[in-house]
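Shared between the two complexes below is chain A, which has chain B as its partner in the first and chain C in the second.
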Partner chain A sequence: MTRYILKRLLQGILTVWFIATATFFAMHAVPGDPLSGDKAMTERIRANLEAKYGLDKPLMTQYGIYLKNIAQGDFGISFTQENRKVNDIIREHFPVSATLGILAILFAGVGGILWGALTALYRNRLPDTIIMFLVILGISVPSFVVAALGQLSMVNLNTFAGFSILPIGGWGTIWHMIVPSMVLGLSTMAYLTRLMRSSMLEIINSDFVRTAKAKGLPATRIFSQHQLRNAILPVITVLGPSIAAITTGGFVVEIIFAIPGLGRYFVEAVQQLDYTVIMGTTVFYGAFLVFMVILVDILYGYVDPRVRVS
Partner chain B sequence: MATSNFSADAFDPVDQHQQTHGITRPSRSYWQDAWIRLKANRRALYSLYLITGLVIFTFAGPMVWQVNPDLQDVDQISQPPGADRTVTLVEPFQPWYGNPATPGEGLRFAGPATTQGVQLQWDPIPGASGYRIYRNIYPVGAEKAYGLPLKENRADQTYFQDRLDLKPQTYFYSVVALNVAGEELPNALSLAGQLTRVITANEARRRNLLLPDEPAISGDTLTLALHPLGTDYLGRDMLSRLMHGARVSLFIGFFAPILFVLFGVAYGSAAGFMGGVSDQVLMRFADFVVALPFLLFMILFKVIFAVGPGESGIAPMLVAMVLLLWPATARLVRGQVLQIREEGYIDASRLLGAKTHYLIMRHMIPNTMGVILVTLTFAVPSAIFTEAFLSFIGMGVAPPTPSWGSMCNEGIKTMLTTPHELFFPALFISATVLAFNLLGDGLRDALDARMRNRD
Partner chain C sequence: MNNRHPRNENEPSFTQSAARQLLMLAAGAVVALVALMWLLQALASLVGSSTTAANAVDVQNNSITIAISTEPPQLNSTLATDASSGMILGHVMEGLLRMSMDDQLEPGIAERWEVTETQAKFWLRDNAKWSDGVAVTAHDFIFAWKTALKPETASEYAFLLYPIKNARAVNEGTIGLDQLGVYAPDDLTLIIDLERPVAFFDKMVTFQTYFPLREDFYLQTAGRYGADAQEMLYTGPFVITSWVHGASLLLERNPYYWDQAQINLSTINVGYITADATARLNFFKDQRIAETVLLAENLQEALKQRWHIRREQDGTLFFLEFNHRPSRSTRNYHLRRAIQLVVDMEELVYKVTKLPGYVPGESLFPAWLPGVEGKFREEFPAPKLQLNHQQALEHLALAKQELGLQDIPPLALLAGDSAVADIQSEWLQAVLKTKLGLEIKIDKQIFKQRLAKMTSGDFDMVLAGWGPDYDDPLTFGDLFASWNLNNRGRYNNPDMDQLVSVAQNSVDAATRMQAFSDIQQLAFDDIVLLPMYERGVTYVIHPKLKNVKRRVIGADVDFTRAYIDPEGV
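Presenting the complex of A and B:
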């Protein structure tokens, strides 16, 4: 197991290096450079600025410095916000995105597992039909429409109540987090529901469930001890990629609900062509996702002993 | 003992070539069989109809409904479908400087309230050293939400003519008294009125509502151009925009998946065939590409292609999707190829002298086709989503070009007042994605060889 973890970690570091390299050379392949922006400047100012950002050195030297800095966890200074470190930007905005993402994953995971189990138990009956219809709808409606509808229903709810039950945007208290995280987790929940349903259907017809029934175990115990625990396994495998989907999907929700998260900041940085912020957040997000997937894979080994053997 | 009624020739040996009565059904190919099973799946079949309808809507639609998607109908801005289209002919605009003799008390209209101008006249408020005129589209209410400030008047000017961007709807006007310092006093006058849509004869002729030689009589009603699905916030025809926007959305939706699936197939089968070290290297590289955060790199590609903010980036979108999304298909195809390579019929075929080329054409491609087709079907909705998402955050198609995503982006801003501007593009995206998802489900079931002969 230790060997496996080490191997995966090594692979992860290689992947992050690949992402960093791809981002670096991609950004340097862009026609023009960060300084040829809107402001006209003299040769001397330009030379000074280039020296400040290290743009006067040869490309490979810059790459070496860049890699060394990343290895030390330093992403440089923002181009558009003078003297603001990219690390500070990430430190300030990432916790917000992470909180939102964790809540969304919790919502998606718990909801998906429960709905999926429920639909499987009521297979081809009314609850199944209704939930699966909603699930298909949840997969088919774009996230920004769901976000807009979520906000609209909050507005209507507040108008109906006559006072502000839930804030329609911003960040701060737990009340700000409820609707955005539900909106963010919705499509993942729909996907997990489908997965859970098919996995549960397989489990329901398996031998050990029949044996449990034959032993005379109560239905609730069969459900919690035998069916649910085994059916959850495939859901855990896709949790890694789901985290990726939720963090990237966070852009829209952060924009619509005016949440000061890193996703929104990234979109702004791209619009302003803030090169160091773009590179820094890309590498940071990439590393985060890679290690989340590895973490989920390792956890999976603990949850399902069969994986450890193979 | 029972008597036997067998004739003597019943014991003759059977002719080996004689047809026995049929216990087999007519032979069907894999694809015929899959098609029959797909047709039995009603949801998949309806989805197929829906997709066909959508393609017709996109390509034949603009021929039937020949309205320019960029043309602005300034008389009908943000009109929902089925809105009133009548317009009344009026005389050209004349300046107006108040009429204290207007009958009535308090704040009142000094003439018909039309979209050409609203003439307000009020009685002086005692103690007022000035007035501020407001307009709101909602009732003022207890919280004194007067709305948009229009003008400040001196104390002796107790009239105002509103000509600011008038729409045929109900407006709530308020006149608030000001003290010497210009601060608002609590006493205010309010008035609500429904505006009628009007047009001058010249204007009507210019827009082909009146023929050049047709007489224009003030008070006559004309009918404005028809917009079956209403208009957007710039007065552009929604139906026409949806048709033209579908081209972008479906172009990305079809071509990006076709290209990256083809690339994935080539890559995956190459890796699967070569095996050994090259397989390992190729697949490790695919793992790297999978790890790249998709949306971040998609946005990066736009920067790399030097498509600035506010420009349409269909090409970078396509390239980015092809370059980043192929690994899933490659992995799948490689797995299939590795599996099929070990099958008995491949060995048999080799024994009979088949060359690699024949094996690929005869066995590999037909046997992986089902999986590839299903991947392709599921890739279409995600590509449409991606296009919509990128256009939504302003990274995809830029404003003059319509696309469903950019239409949603525009519609979301006026969601509270004119929901149809968001509803229709969102409906089209959702319906398309839904159809492809259901079709993909149906295809997966139909093409699954294990389901064969299980009618």
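Presenting the complex of A and C:
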């Protein structure tokens, strides 16, 4: 097992290096640069700025310096937020995105499993039809629409109630987290519901469930121990990548709900060609994603003994 | 044999008990989630990102909450170039002079001043203090200007200081900082030698690049000046007491500000930072913020809510800039003339984009610019354009003849990636195709790429915009001088250069305005550019909040003189 983990970690590091290199060269190949602004500047000022940010050196030298800095965990200073270290930006804003992401994924996971089990239980009956209809909606409506609608309905609800039931934006208390995390987790929840439903239906017809029934086990035990537990496996598999996707994909939700998360910096940096922030966030998120996938693979081994054996 | 159950047909009792169990699981999950949220909140508060939920207008605490669209990158006045830094700096800093509520110059830290052709002199008031109680002196201004001009600072707005003697040479590193033409004979007198006569120098000192910096404090921050609330000092009516990056800024009244009588609000809470205007409108509707802009699609809603909708020009001119480089067909006068004669900007503004507050462009000089006494455009009206399809076709024929071409090759129209830019470029494409048979290739680029292509000259026409840097027609007037780096189409005409020189070097208002009028005429006659529209801003303000000022230059929106009227409806 240790060997397996070590091997996976090495592969992970290699992947992150590849991501960093590809991003670095792609970014520099894009026309324009982080120093250009609305107002043209003289050659002299431009040269000073380039010297300040080390852009006056040949590309390969920059790449070398940059790799060395990354290895030491230093992502440099942002071009647009001229006084802030990229490390500080990640340190201050990632916890916000992560909090939002964790809540969203929990919401999605718990909701997905419960709704999925429910639809399987009531297959082809009214609850199933209604929930599956909502699931299709949840999967197909993009998050910016859901986020805007969610915010608007909270405004209307607050106006209707005459007082503020839940804040419609900002960050700080758990009340601020509820609506955005639900919005963020909605499509994943819908997806997990479908997954859980089909997995559950497969299990219901499996031999061991029939055997359990034949043995005369109590219904509650069959349901929770034999059906639910086995049906959850595929859900856990997709949970890893979903965590990363949700944590990194909160950009729209962060903008609409005015949440100081990292996703915003990630996307804005690309538009502003803020080299250091692009590199910092990409490498950080890349490493995060790779780590999550490895973690899930390892966890999977504990949940499903069959994986460990093979 | 048919003794098997049909697939997946549970007995009702099984379903019932399983459902009951699911319900219990769900309840357990909800409890666990709530517990986890409390935990997360405790963790999040450790990192220190929190916004205080307050009302848009808080009568009791005499405070307001507002939202801004982007966070200031940093608040070092020598480096700041963007609108949101300008807005915050305008509340927490004050320079030598300031602009009043009716856009007149009034004393700031300087109580008197005098500008001649060669020199400017400011007498500072003795009760102006920094936010730590130390007096503001003339040396603080000298230090700030030298910092901005130092080549290592690489300040993009250093050029605004060029009216000061030797400033340009200092900025380019050819002579030392000590050669800069500024002196302080004593703590409260500031003398500036001017490089050349600058008629509007007193107006320029209201701008952020001219704000003071205190040397001892600046050096102590070790390059982080303006990065955080406690990393800067203030001279203005408010101080920043808390700055949570990406989330909020708290502006509280500055007890050391000299002109307390003018200030009414105790606190301005910048509670939200989001670029989404619709989200800000939702905050406004929910009574979270006291002011917000309206987009075209929000107008209906605003009317339905019976809000008082306000409109103003934001001072920015948008235009179609031609590439005048010799290799381009747009260098041909007749081709540009043909285009000018068929493009109806009124149609664009009133029928196509239909954005509230926008007005069709008529001149290189927007309508708000000051003239000799009143407004420039009232004193020197823009030449009137008569659209004429027939003449346009004649000019097009001439253009083909002069260029020696059977057909004009497809013209590259460089445009931004916004929805508005899409509509405009498609409209232009359609108009030029149907009226003149010209092929237009739309080259849609994000901001930085568009700039790169503009600078390298990789376009025939470009949808460009220009916002003013100071309160004088020269901020637009010198755009097409051959030496101006912002002249991206490389328009090069000795007549234009001559007129710009006159406008730059004269101090006589009438002479200067005549030169601007000639520039206006030349830009029209030689079709240097096609003015498209002047941008407008449509916004709403909380009915209890009064005396909010919108500015073309400096802090926009300006809440420094605002007050709360508890009776306001």
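The rule is simple: the second predicted complex is superposed on the first by the 294 of 310 C-alpha atoms of A that agree within 3 Å, B and C clash if a C-alpha of one lies under 4 Å from a C-alpha of the other, contacts with A are read in each partner's own complex, and residues count from 1 in each chain.
The definition used in the following text is that contacts are C-beta pairs under 8 Å (C-beta built on N, C-alpha and C of every residue); 3 or more make two chains touch, one makes a residue touch a chain.
The structure displayed is predicted, hence computed values, not measured ones.
*Asks:* Superpose on chain A as described above, then tell me if chain B and chain C fit or clash.
*Replies:* Superposition result for chain B and chain C: clash.
*Asks:* Check whether A:Arg123 is in contact with chain B, with chain C, with both or with neither, and answer first, second, both or neither.
*Replies:* second
*Asks:* Who touches more of chain A, chain B or chain C?
*Replies:* Answer, by number of touched residues of chain A: C.
*Asks:* Quick check for you: in the superposed arrangement, does A:Lys68 touch first (chain B), second (chain C), both or neither?
*Replies:* In the superposition, A:Lys68 contacts neither chain B nor chain C.
*Asks:* Check whether A:Leu289 is in contact with chain B, with chain C, with both or with neither, and answer first, second, both or neither.
*Replies:* In the superposition, A:Leu289 touches chain B alone.
*Asks:* State whether A:Leu103 touches chain B only (first), chain C only (second), both chains, or neither.
*Replies:* Only chain C; A:Leu103 stays clear of chain B.
*Asks:* If you stack the two complexes on chain A, which partner ends up touching A:Ala148: first (chain B), second (chain C), both, or neither?
*Replies:* both
*Asks:* Which partner does A:Ile278 reach: the first (chain B), the second (chain C), both, or neither?
*Replies:* Only chain B; A:Ile278 stays clear of chain C.
*Asks:* Is A:Phe223 in contact with chain B, with chain C, with both, or with neither (first, second, both, neither)?
*Replies:* So A:Phe223 only meets chain C here.
*Asks:* Going by the contact rule set out at the top, does A:Phe251 touch chain B (first), chain C (second), both, or neither?
*Replies:* first
*Asks:* Do chain B and chain C land on any of the same chain A residues, and which?
*Replies:* In chain A, positions 30-32, 148, 152, 155, 255-256, 271, 273 sit in both the chain B and chain C interfaces.
*Asks:* With touch defined as at the start, can you tell me which chain A residues reach chain C in the complex?
*Replies:* The touching residues are 30-34, 36-42, 44-45, 48-49, 52, 80-84, 89, 91-93, 95-96, 99, 102-103, 106-107, 110, 114, 117-118, 121-123, 148, 151-152, 154-155, 158-159, 164, 167-174, 176-178, 201, 204-205, 218-220, 222-224, 227, 255-261, 264-265, 271-273.
*Asks:* Looking at the complex, which residues from chain B come into contact with chain A?
*Replies:* Interface residues on the chain B side: 287-288, 291-297, 299-304, 306, 309, 381, 385, 388-389, 392-395, 405, 408-409, 412, 415-416, 422, 426, 429-431, 433-434, 437-438.
*Asks:* Could you pull out which chain C residues touch chain A in their complex?
*Replies:* That would be residues 7-8, 10, 13-15, 17-19, 21-22, 25-26, 29, 33, 36-38, 40-41, 43-45, 47-53, 67, 71, 73-74, 76, 79, 81, 151-159, 171-173, 223-227, 231, 244-248, 271-276, 278-279, 282-283, 285-286, 288, 446-453, 455, 467, 469, 484-486, 488 of chain C.
*Asks:* What residues on chain A touch chain B, complex-wise?
*Replies:* Listed in rising order, the residues of chain A that touch chain B are 11, 14-15, 18-19, 22-23, 26-27, 29-32, 136-137, 139-145, 148, 152, 155, 244, 248, 251-252, 255-256, 266-267, 270-271, 273, 278, 281-282, 285-286, 289-290, 293.
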